[in-house]
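Given below, in the form of C-alpha cells, are the structures.
Presented sequentially are two complexes of subunit A, the first with subunit B as partner and the second with subunit C.
On to the complex of A and B.
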C-alpha cells in the first residue's frame, strides 16, 4: 500500500493546481447591448467553432475562426431579453449570458383609453394607459414623460404628464361640461396615439312638467329636458309620468321627442301627478279641477 | 436571495389550481406595488398569476420540442410571434432549448382601465439547457427579471409581452 501514497499525493497536487488556475476564457461577450445595435465577440485559440446566440426572442448561429472577432451587424439582434452565447468547438463548449436592453428611443405607443362614451361632468371618468415600445416593439423600461391631452373641438381642455414606470404610464381625467366628440391623445416625445371619446349628456337635471286641460283630457308636458350642464338630454330617454288617485297608482312611460315628453290622458280631480326619469325625480302637481 | 429562500411560500390562492409541475415551483408573491387605474380584485390577480405560470409551462414545452403550436393557449401578439420565430430559428440551426423555471418572485405592477391589461414583474430563476443534435451543449442557471403584460382572452389571461430586462 505504501508505494501508492506518493502517486496519490501527486494526483491531488495536480488537481489542486488545475482548480487554482484561472479558467482560460475562449471568448468574451459584452455584458449588455442595446437592441438593434451592432456588437462583436472576440474568441481565442486556433481552429474552427460555432457560436450560437440563444434567447427566447431570437436565435443566431455563426461559424467562427477561433482567435478572430465575430461581428454582429446592426439589426442582427433586435429583441430585448437575456441571451446565452454558446461557443462550441470540437473539444469544448463554453457559454455565458448577456442582456439585450430595449432601445432608448420610443417608436410606438399602445394606448388604452376607456370608456369611449361617457356622460359629461364625470370626475375621473376617463382613464388612459400607455405602454411605450421601441422600434422593435420592446417595452422601454427607462422612465420617460408621457403627456395626456383631452381636447374638445374648441381646444385643449385638460393636460396631464405622468412618468412611465416599467414601460407603463396612466392618467385619469374628468369628462368635460359639454357634449361632443373629444380627442384623447398620449404623447411621448414626437410619438403619439389618439383615441376618440364621445361625451354625452348626463342625467336630467331640474326635471319639470306642467299640466293643462284639453277638452275632457289633460295634457302633461315637460319643459325641455337638460342635464345639469345645460346639455339637451337625447331623444328616446324615457320619462315616467305617475298619477296617484284614491289609493291607486298608474304610470305612463314616454320617450323624449324633440327634447320634451308629452302625454294626453284622462285624470280625475284630486289626482297627484309626478314626473321622473330614471332615478331623477321631477316636480309634483295636485290636479284639482 | 439565498437568505430569503426559506421565506418563499407557495401562494395558496392559486397553488391548488395549477397542475403539479407548476405547483412544485416555488412562487413568492410580493405585496402589490400598485400604480394602476383601479384596484385589482383578488380573483383577477390570482387568475393572472395562475395563467402566467401556466404560460411558463407552454414556453418550456414549445421550445424544448420546437413546436410553436404549444404556445397558442397561453401567448398572444408580440410574445407569441417572437417565441414562434425563435422556435423556427432553433429548428433551422439544429438546436432545442429547455427553459426550466426554478422559482418565481412575482409582483403585480399595473392594471389598465377596465381590466384590459395587467403588468407584472417576475424575478425568476431558471435553468437553460441547450441541446444540439441530441447532445447537451450547455446548461446554465440564470436569474432574470421579466416584465410581463397579460391581456384577457375568452376564458383566460394570455401573455402579450414577455421580456427580461437588465437589472
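On to the complex of A and C.
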C-alpha cells in the first residue's frame, strides 16, 4: 500500500499544473468577413490538422499545416450568416464562430410595385417596396438611400427618397392626373429596377345628357364622358338612362361608344329623365312635349 | 340595347318585381336574362333574383318579366336595380 502514495501525489500535482496553465489557442479566425471577400486563419503548433468551415448552405474543408496561415480566396464564402470554424488535429478539436456579413455594395434590387393598373388622381394609390441585395443575393441590412421615381410619358416625375431598414425600403406615390403608361423606377446608387404602371381614367365626372325628339321617339345622348381630370372614360363603360313616369320606372343600360352613350326610345310627356354611370349621377331632364 | 320598361315593385302578398323588356335594337335577341337586386332603406342588398324570359325579344315588342320576392324579405325591400344580359345568335349584344 505504501508505494502508491507518491504516485498519487505526483498525479495530482500534474493535474493541478495542467489546470493552472492558460488554454492554448490552436487557431484564430476573423470576427467578421464580408461575403465574397478573401480571408485567412492563422494556426499555431506543429503537425497536421483539418480545418472545416461550416455555414448556411456551405461547408469548406482544408488540410492545414499547424503554425501556418490558411488562406481562403475571394468568393470562397458567399452566403451571409453565422459560420463555425472547426480545427481538428490528431489529439485535439477546437472551434470558433464568426459572421459573414453581406457585401456592402448593392448589386440587385427586388422591386415590387402595386398596383400595375389604377385610376388617375388617387392619393398614395401606388406603392413601391424595394429589397436590396448584394451580388451573392444576400439581403443588405445596413441602411442605404433608395430613390423612387414615377415618371409619365410627358416627362413629369414624382421623386421620393427613403432609407432602407433591415434591407427594405418603401414609399407611396399619387397616381397622376393624366391617363397613360408611367414608369416607376427604384434606384440604389447605380443599380435600378423599373416597373410599368398603367393609369386609366377615373369615374365619370359632370355626366350630362340631352334629349331631342326624332319623329315619335326621343334620342337621349350624353356629352363626351370624361373623368374629373378630363380623361376620356373608356368605351364600354355602362351608362344608365332612367325614365320615371306615373310611378313607374324604365331603365336602359348602354355602353359608351366613341365616348358617348346614346339611346332612342319612346317617352311620354311628363316623364323625368336621368342619367348615371355606376354611382355617379348625371343631370335630370323633365320631358314635356 | 334593351329597355327595361315599367319596372314596379309589388308589396306582399305575392311580392314581386315586374316590368317589360323592350328590344330597342333592330336585331332579334334570342336569350334575355333579367337580374334584380333588391336593397333596404340603408342601401344594403337584401335579395338577388333572376329570370330568363322564355321567348326571343323581337324589336319593339315588349316581353313581360315577373321576379318573385320571398314573403319574409319583401317587407325590407325599399328599392331595386334591374339589369338585363342578352345573347343573340351570331353575336353578343
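Keep in mind that, in the parts below, the second predicted complex is superposed on the first by the 266 of 289 C-alpha atoms of A that agree within 3 Å, B and C clash if a C-alpha of one lies under 4 Å from a C-alpha of the other, contacts with A are read in each partner's own complex, and residues count from 1 in each chain.
Following the convention adopted for this analysis, contacts are C-beta pairs under 8 Å (C-beta built on N, C-alpha and C of every residue); 3 or more make two chains touch, one makes a residue touch a chain.
As the structure is a computational prediction, the values presented were derived from the model and not from experiment.
Enquirer: Between subunit B (first) and subunit C (second), which, if any, makes contact with A:277: first, second, both or neither?
Expert: Once the two structures are laid over each other on A, A:277 reaches no partner at all.
Enquirer: Determine, for the superposed model, which of the two partners subunit B and subunit C contacts more residues of subunit A.
Expert: Counted on subunit A, the partner with more touching residues turns out to be B.
Enquirer: Contact-wise, after the overlay, does A:164 reach subunit B, subunit C, both or neither (first, second, both, neither)?
Expert: A:164 contacts neither subunit B nor subunit C.
Enquirer: In the superposed arrangement, does A:131 touch subunit B (first), subunit C (second), both or neither?
Expert: first
Enquirer: Check the residue A:231 against both partner chains and state whether it touches subunit B (first), subunit C (second), both, or neither.
Expert: In the superposition, A:231 contacts neither subunit B nor subunit C.
Enquirer: According to the stated criteria, A:80 is in contact with first (subunit B), second (subunit C), both, or neither; which is it?
Expert: first
Enquirer: Quick one: is A:176 in contact with subunit B, with subunit C, with both, or with neither? Answer first, second, both or neither.
Expert: neither
Enquirer: Which holds for A:97: it touches subunit B only (first), subunit C only (second), both, or neither?
Expert: first
Enquirer: Which part of subunit C faces subunit A closely enough to touch in the complex?
Expert: 1-8, 19, 22, 24, 82-84
Enquirer: In the complex of these two chains, what residues of subunit A are touching subunit B?
Expert: That would be residues 32, 52, 54-61, 79-82, 84, 86, 88, 93-95, 97, 99, 101-102, 112-115, 127-129, 131, 137-139, 141, 165-168, 170, 172 of subunit A.
Enquirer: In the complex of these two chains, what residues of subunit B are touching subunit A?
Expert: Its residues touching subunit A are 35-38, 59, 63, 78, 82-83, 85-86, 89-90, 92-93, 95, 97, 99, 109-110, 112-114, 116-117, 119, 121, 128, 130, 132, 137-138, 140, 142, 144, 147, 149, 161-166.
Enquirer: Quick check on the complex: what are the subunit A residues that touch subunit C?
Expert: Of all residues in subunit A, those touching subunit C are 247-254, 263-265.
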